[in-house]
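Next up: some structures, all given as structure tokens.
Consider the two complexes below, in which chain A is the common component and chain B and chain C are the respective partners.
Right after this comes the complex of A and B.
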């Protein structure tokens, strides 16, 4: 082996040893609980049933029960609606806002900072803010509607509006994230492209569709994917605003898993719900990445 | 000579000192130490306990230094939010941990914990005169409040510190009288009063909150139905009985037609506030949430309010009752010290002090509730709240224990299904019969999945 090869081998060995402590810590804090979750999902574990945590007599029992559980199936559907509309609004509005605020001005800089506030608030505070907004007898929204003689229904206890109410609150909270991502992408586009297009007689819409959009598409896909993964964690909003109701209209999968574990005491079954949800999120995320790559390859 | 004398004197002192020291040592060994041990029997013990945050414990914390001074032990009481505490206690007890020496036995979890054998049998403590003096009187606790803490054989696993008796608060008796309305005594009258009061003068007929599996069962039982067929022996759900369907329809109509907009997502605080400000005329809930209309400084309707029995149904009269208790985990390290704390915290003396010094009225000692002092403090506008409280709290222990449904460990599963079904009816997603048929099916399926043989 040449001297350079020896140095490279030495460096690789050093890198492995240097990384080992971090990997061990990462495995312990992320890997072990995940493995325990999988193991638990293979048992009928109930807190008040001693021995049930090590009962592997029918390991797939929980998974077999899932398709026949109407609340679980409904929760997936609710989650899909919440994720789809939430991510769509957040990406589109974030992009629109970024395009509007992609200029140099002190006022705009202040506005950018202002738009970041919802994202940095603790999720439970966001939920409380929206609880106040949605409560008819104390809400400024209802007060303003009253002044305009508009009769608003109760948004969080209405079958037709409850999920929309959560989507609106979720969008308000996470819009700044997509806004920031797109704004950063816009700032990397060289001005020469749009200047040349203007000289060639392109209008603003054509510049957007043929120059800006292709540049920011990867960022839109990435932020959409991040938000998609995060959208399954809209727990505080559901917990505080609707409690999954009315009926099961806003009962998303992780809220159902929470109820199963902590209200009904079915830890094993709840774990299987969580595992299925995790697999679905991974599958959808991979699908989004695959579509993004395919689009890039075609371009 | 001087030196010799001096030496002699020194030797004499030495002997005397030695004798004195010896006598003191023997005396100290024979008498003073046991005396110290008797006055500070738990010196050096740190007692760890946990509960959810409640006014009772906030008030009790004022007295805990006295208890620590009496016993020599240190009390480390951890208070958390209700759901957080319940999750923590569930995990701790079921994993057989010994982190806590005493715990709150939460009403909704009591049956589960007692049935699973996670708590110590307190009869072993009350039955031992060395541990429990006769004047502590275990039978002095309100019988209805003690029901959840007993197993099938009658052994006791908790003693109640809080009793919740379902009563009806009316905030605008002035408007009712003006319209010639009387206090409703039946479900039919309740609906009439709600209809007559709703809408005018910015007052809603009735208010409630989102815990329907607490508010709704008295209506189901009032119409002659139940949650289970014959709890706790026969726990087959009976959610789609004609009586249950009738009840859910009745209660849903009350809330749909006469309650504030958005009532389905109201918390207890929101509902209480609506009553205290006179925005809603009627609220039926535990006495602790209702009596503030007469007693709280926040109440804007003190002079126009009444607190009475909730109306009776056409078939039965079943106002709900609940309680919270203190118990000792089976694997607690300091069981005797924990019992000392429970004995002290729930003694008639501390209960009376809570009533007299802080106006905390939901204690569970019959002797306190029946006392002149309690009656004097809790008789407001001519209404004897203590008598009302004792009457409602004692009802489940008289004749049929109609609150037995709540002590069944499967109740949380069925209660949740009931909540969902009610919301479906109240929002018009399903007619009452269809919702309750689905609820019945769902309850059975969930119970079977959780391992209950039906």
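Right after this comes the complex of A and C.
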């Protein structure tokens, strides 16, 4: 089959030309910066200190400092708390919302779109919206609390509530994502299963635990993992609502790295913080891809 | 309806959905109504729910530097989308037709660039831009946004190409058409809806960015999201302008999202794997 061979050769040549520009550009605008970040993390680079960007005399200095830096260690804990509670609420509430909206009705199908609004809003607008709600003199929340004679503390400047305030806002923003994923999974469950169970006398709770839940568990896990990876993106919320404070109770690693680089001019040290964070994110992401593959293989 | 499962929504369910929707959207609606209130009304306590709307916040935005930042946002989002499509669409096609080994590894390597938290890119970009003078330029923003839109294009377009029957292409190839012609004249027209959806998602990602614009721009290339935040200054917060500016920033997002809601899941999951 020489014709087929020619076609294949032609296709390979085309593929090379089609892929090359993208790969070159990606290498230049993503690969090179990544390499540069690693290089910078091996130096004590400060913008105010000429020559510090090429000082490789003690390459692992930054990484040795990390475990003893209380702000860094604290930032990992803050991120862990934010991620854990955020993901938990988003998965649970997203599932409940999906169950509520999983019904064949024109009206409901139309309404679904509006449930997606918080997720598609620009993150900074989400942050502004919640700033509004957490600012006592103009907030509808404080007004409502006043009507009920509840004295609300200033949520974003309280050591006890500041992180909760961010978790609430983050949950509001990303709940639609888990909702969308779970809804898609619900729609793949064949009706016959629950119909048969109903005929056998199962109640709705039993149908949920024995039929629906096993079906949607993979998607719950995967959407949770997606959110977990993404939870380091809460930057605009932290930036606008609390600025990392009070003290450092809401200072996530991302924000600490930002302060280090662009407030304290500790470029080198900030790079090493970023790289550690990057490795953690890549580890989680690999887990997601691996699970996705396994699911594909099972299906 | 026959069968034991009810296929239409009960009244109780509809009420529950309505209440949930109002609760969920009330924070968003609050910002929107505030943008039509004069500053006196905004600070009035209790907040009046019925009032005569005014456009004064929007007109005062129009007189300031805000329109320029809006144009910067439009330009950086559109150009980065165009660039990502030009580069990424052929690459996605090649990957979707590539049976060879290394396909998964390559796809994953491409995706990794999207998983990295933004701060990982900002430090190198900031230093490099400072060096070659790209700080505070729209060009600088376009390059950054392309770096995270290109992987999105490559990942999102592959499933669309996979829906094109390969027999169609093979027939044309055997008839002597080149792969380039097959791609441009047969395959591409068939995936136009996919390209449109991908383009809108790319645009939204660039449009929604706050972090890169915050660090890589000052005044000349300042984008709308950063400009809005600048209304929160030391002299006090201009809530009327903040609300109006915020509403303008989210307007294109809401319109476009409605247009591509069918593709939101695939776009956001490819996007979700990004820090």
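Heads up, the rule we're going with is that the second predicted complex is superposed on the first by the 262 of 299 C-alpha atoms of A that agree within 3 Å, B and C clash if a C-alpha of one lies under 4 Å from a C-alpha of the other, contacts with A are read in each partner's own complex, and residues count from 1 in each chain.
Rule of thumb we're sticking to: a contact is a pair of C-beta atoms (placed from the backbone, for glycine too) under 8 Å apart; a residue touches a chain by one contact, two chains touch by 3 or more.
Keep in mind that what you see is a predicted model, and the values were worked out from it rather than measured.
In the superposition on chain A, A:79 contacts neither chain B nor chain C.
Of the two partner chains placed around the shared chain by superposition, neither chain B nor chain C is touched by A:43. After overlaying the two complexes on the shared chain, residue contacts for A:137 are found with chain B and with chain C alike. Within the superposed three-chain model, A:159 lies in touch with chain B and out of touch with chain C [touch as defined at top].
Contact with chain C, but none with chain B, is seen for A:277 once the two complexes are overlaid on the shared chain. Residue by residue along chain A, chain B and chain C are tallied for touches, and C comes out ahead. In the superposition on chain A, A:262 makes contact with both chain B and chain C. In the superposition on chain A, A:248 makes contact with chain B only, while chain C stays out of contact range.
Touch criterion met: A:65 reaches chain B, while chain C stays clear of it. Residues 137, 262 of chain A contact both chain B in one complex and chain C in the other. Residues of chain C touching chain A in their complex: 3-5, 7-9, 13-14, 16-17, 20-21, 24-28, 30-31, 34, 42-43, 45-47, 87-88, 90-91, 93-95, 97-98, 108, 110-113, 115-128, 143-144, 146-147, 150-151, 154, 170, 173-174, 178-180, 183, 204, 207-208, 210-211, 214-215, 225-226, 228-229, 232, 239, 242-243, 246, 249-250, 253-254, 257-258, 261, 264-265, 268-269, 272-275.
Taken together, the chain A residues at the contact with chain C in this complex read 3, 7, 10-11, 13-19, 21-23, 25-26, 29-34, 36-37, 40, 97, 100-101, 103-105, 107-108, 111, 113-125, 128-133, 137-138, 140, 143, 172, 175, 177, 180-181, 184, 191, 194-195, 198-199, 226-227, 229-230, 232-233, 235-236, 239-240, 254, 257-258, 261-262, 267, 270-271, 274-275, 277-278, 281-282, 285, 288-289.
Residues of chain B touching chain A in their complex: 83, 86-87, 90-91, 93-96, 112-113, 115-116, 118, 210, 260-265, 270, 274, 279, 409, 412-413, 416, 419-421, 423-424, 426-430, 442, 445-446, 449-451. Contact residues on chain A toward chain B in their complex (touch as defined above): 44, 46-50, 65, 69-71, 134-137, 153-159, 241-243, 245-249, 259, 262-266, 269.
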